[in-house]
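Quick one: the structure is below, questions incoming.
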């Protein structure tokens, strides 16, 4: 189990010292541990994700839900931010997601193009920017280069960087796939090496071992894996995501394991808004309970 | 059926507040619902489109027709705008189409290059810029990156963005084609996510289901589909296009369905100018009647 | 037959109003119809083009010939312009050809790189810039993007744009080839759409119909085709080129047909300088006679 | 055996004259010969490298070790530098590694993307920048272009350039592989030609001769090879790296040979930190003894 | 035989008028005809070129040799220029070679990346810049674009351009190879068209006729070929290079033929420094004799 580092020991500059506490302490459960709502699936998967709960297709519904559920922030793309966020500015932190792609073309060479710049985030009053890195993709060169510019632009403006660290592409598929312990572990480390402040990862699947290198081809428990993943992030805060909609008990168990491992918080989208409004608020309540049990140091 | 949002509730800045009402209320039927004339086919398809009505090959004929038919705007490329629009400036809003391509090379990796910049639109007195996004193309990365620059350049100048949201490329062909409910629905959403003010879409064909993902492989009526498409645009205004020349009754029926679904207007090119002058004015009259019946809120 | 548009009705800005009349009226036959000498074959084909008349390998010989023949302008690349044009500045208008390529690599993906910029043309005292667009090439995206920059740079400096509109590449080869009525017609239109002031085209070959789309697969006379090509250029002036050296009577007949169709002039290179000095002057005399018969309106 | 060149005879400008002596004389054994600790393996190989000694996964552990072992500098990526280096600034020279890649995608076309810029190095108080060139890669063009910008940015700021000169890619694999005398010799020379101040190379393997050109297909001793490699660097200082963890006696023997050949120092990572803390300090002690025996002139 | 053009008749600007006479008249034999020493083989071929005469691996040895032999200039890459040239500044003109590549990756798509910029040449006190163009390569587009920037940067600073005009790539291999009369003739012309002041070519091999176009498939003497090559350069000065080390008599004969044909000078590297010091000086003496016999007009 990794020990979390207090914000005051991260050597942060003024801009991040203004914005990170606003996200972590002035919203959500207020303990420095947190809950985020990602809403970029309309771009990443298309409107098919909204058939399970049609009101979720409306960005206004989602922003209201994030406010009602007292999330620490919402992550959306620039088009929705321009049209909807101005009504919630000051009430709900915005993580402006800067890149994104559709699911339509093949993803063997996955690369997520920039749809917005850090200057858009500043203009829209965002408290952080979000960026998806596809670790292991053959397009890694362009991805790292693209992120380096985002990192520098954000550094110049004191803007925190949230990184979606996603193993992806043909080589990953051949080495255990995108959710293996190997690939999630590696992805987390890379986010830290390249300059993320916060990293979003999927819960590692230790049973996915086909093609992974040693020592990942050995036996590991889920707890060992999530502990290692959070440790690999060192001073980068870890958010564990829910992925596709799954059974609630399994989801809550992984949420608990993640927080115990030292994660800074949870980031759940489809598991939250692919159910009706009241059911969503009930699940949010249970997630808040878990987060509350694990305050930041 | 989606409810249209009044312009005053879109959080627009000064530039768009000057230009969008000029397009929507000071021209056309004057109710905020509208009719546009696209004339980029000389580039997209070549002069073969003009053999059906040879005068249509002359941009001056088309501009005069747009003025006579009291359209809300005309969409042309920079070369024609420079040579012909100055005679109509102040009388007919110009949507400067910024990108375009020929039909000659294969379109499996479709990408529409920029032929003009937002600064050209400002110089020429345009009230909006037009941009074609090829949703789902393997060149999506370059397309999104290219549009992001256009969006930012336009935002800095308060210039409204009209987006031609066209599913295209090999992956789209394998998943129901460019007119399926799936692809039109997805394309509309993406225009909204990426920052369109107005999106131009084709009427969805619900019968095109080969290769589409669930739930689009189920039964949907045309009305259900167009309702969902307009809803997917949320606060982005929807223009439904006519596509290739079709029978008039079918065309008018779809126009009516589109406006009922909450579309902001219609954008018909070949269906208008591939017939003689008087027949064109008669069809324009019938389209204006439909638009007039569905005023903006 | 297309009617030519007087310069005064083109809405030109000051820079073009200074330069185009200098080219069109202060040199050549002085009627606004014109004769140009292109000399970019040393780059495009290599010195093998000069074996037929060895003195033609010397740029100084060609510049002197253009002056003796009282051409309206000469089109050369930047290297030759820097070394030779200073001796003729003020006496013979220069069209600085900005791009060019060799014939050595395969042309299935033809793209002509920029060897000079509009600022070079200004520095060298040129009255226009020349640019080759390869219509229909799979590299069309890069070509259009490249030309868009040239167009904007030229617009900012009031510099006229001469466009070599050449169908080229694998898709063109499969659809009737580079000289078909279809491809020349389309290419001419594109030059107009993208912002050419003057377009150079080859005379269309109506018998090349293999693979062309309707209606180009029907019967057309050469006269019908050249009329349609000139009309497709609308307010862009058309120059018809001679292509490879051919029989003189055939060449003069096409020149006459082109001028009758409303072309603004002729642009002949190899047909002129691949013969000895006196024979060249004799042919130039006959071409001047044709041009003189068709003054600008 | 190559003779080392005193710093004062290298024609250095002020910035390098401030920074190189700080690295070479104010830290480490203080004789101008040196010992560096590279720690970019978390990015290059992933966290699997840390299973042999789990504390090594923590950058703070490594920085402390480098300080305890009195290294002349540590090489890390920008993310770790931002989060950890501020606690050691002024005590341990930082070589900010500017580029890096994962081991996941195929390396037949190896190219290491820039994750940071020289301006980051200045901001973080680094005394040098590090850059990996993949000699012989089919992506060499992009690599050289990328390095040229780094070199110029560094020159403008008086920042020394450390170059990891690594033969890599399909053509190298076909010509003796990445450790052959041929490829290491060539790589060293290239670093010098392109503007490295310090070059990091692997110890050449003279037995790898399959596919190498003459005269490398002949018999050479390890001593001859390392002598030639150091000579090929001419006025560029050579650091010999340890590569994968190997037996200690072999390692120390190569270290001795390298220093005798005129190398400026050693750069050992995994061989140092893939053992426990005390064992690491013991090895460091023996390496320091070797370095001390070979002071700079 | 081509007549050389006096410098005063080239329309040169001030910067070139200062630098070209410095190279051509203030060093070497002092008659405007010249002898250059190229030393970029450490990059282009690797250190294997130095085994024939090991001292040649040391740039200082080469610079001293160039000084002793009173060459008109030396061509080296930026890394060597920074480390070694400062000791010879003012005594020996520097042609900073701006691009270069290794021989390792396949050359079917040859392209030589920029390792330095014109501003480096200015900073280092160079009197000219050198650039390798690979004529006929499928990467010609990038090459021409890259050179166009160098040309403009140099023009702005009055810096002469030396162009290594080398036919290369798969299409050249299929059309007579890199040394055929066809390809050398074409390459020379292109250097002139694109803006070289001085062009370095290989002596054409008229017997290489497989795949060359007419009229190059006919019989030509070496004299006819070199005459045509020098003529194709028109006002660009021609330097004939020695290529791989060959027999001295053959080499001197070609040198004589080249100078008789109107070449401005000779540029010999390996033929000079792949022999011992005294033998090198003896050959230099004989080359100087030839050059002296053919002064500039």
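Labels A, B, C, D and E are assigned to the chains in the order they are written; within every chain, residues are numbered from 1.
Quick note on the criterion: a residue touches a chain if its C-beta (ideal position, glycine included) is under 8 Å from a C-beta of that chain, and two chains touch if they have at least 3 such contacts.
Keep in mind the model is a prediction, meaning the values are calculated, not measured.
> What's the fewest number of moves from subunit C to subunit D, given that each move must go to a chain touching the current one?
Shortest path length, in steps: 2.
> Among the remaining chains, which ones contact both subunit D and subunit E?
Chains in contact with subunit D as well as subunit E: not a single one.
> List the interface residue numbers of subunit B and of subunit C, divide the shared ones by all numbers used, and answer same when the ratio is over half, different when under half.
Different-residue interface.
> Mind checking the centre-to-centre distance between subunit C and subunit E? Centres are C-alpha means, answer in whole Å.
35
> On a C-alpha centroid basis, what's the spacing between subunit B and subunit D, in Å?
Chain centroid spacing, subunit B to subunit D, equals 57 Å.
> Counting only residues that touch at least two other chains, what does the list for subunit A look like?
None at all.
> Graph of touching chains, which shape: line, ring, star, complete, other?
If you draw each chain as a dot and join those that touch, you get a single closed ring.
> So that subunit B leads and subunit C is second, what is the order of every chain round the ring?
B, C, E, D, A
> Considering the complex alone, what residue numbers of subunit B touch subunit C?
So the residues of subunit B in touch with subunit C come to 40, 42-43, 46-48, 51, 57-60, 77-80, 82-84, 86-87, 100-102, 104-106, 111-117, 119-120.
> Quick one: which bits of subunit E touch subunit C in the complex? Just the residue numbers, please.
My answer: residues 10-11, 135-138, 140-145, 147-148, 151-152, 155, 167, 169, 171-172, 175, 182, 185-186, 189-196, 213-216, 228, 231-232, 234-236.
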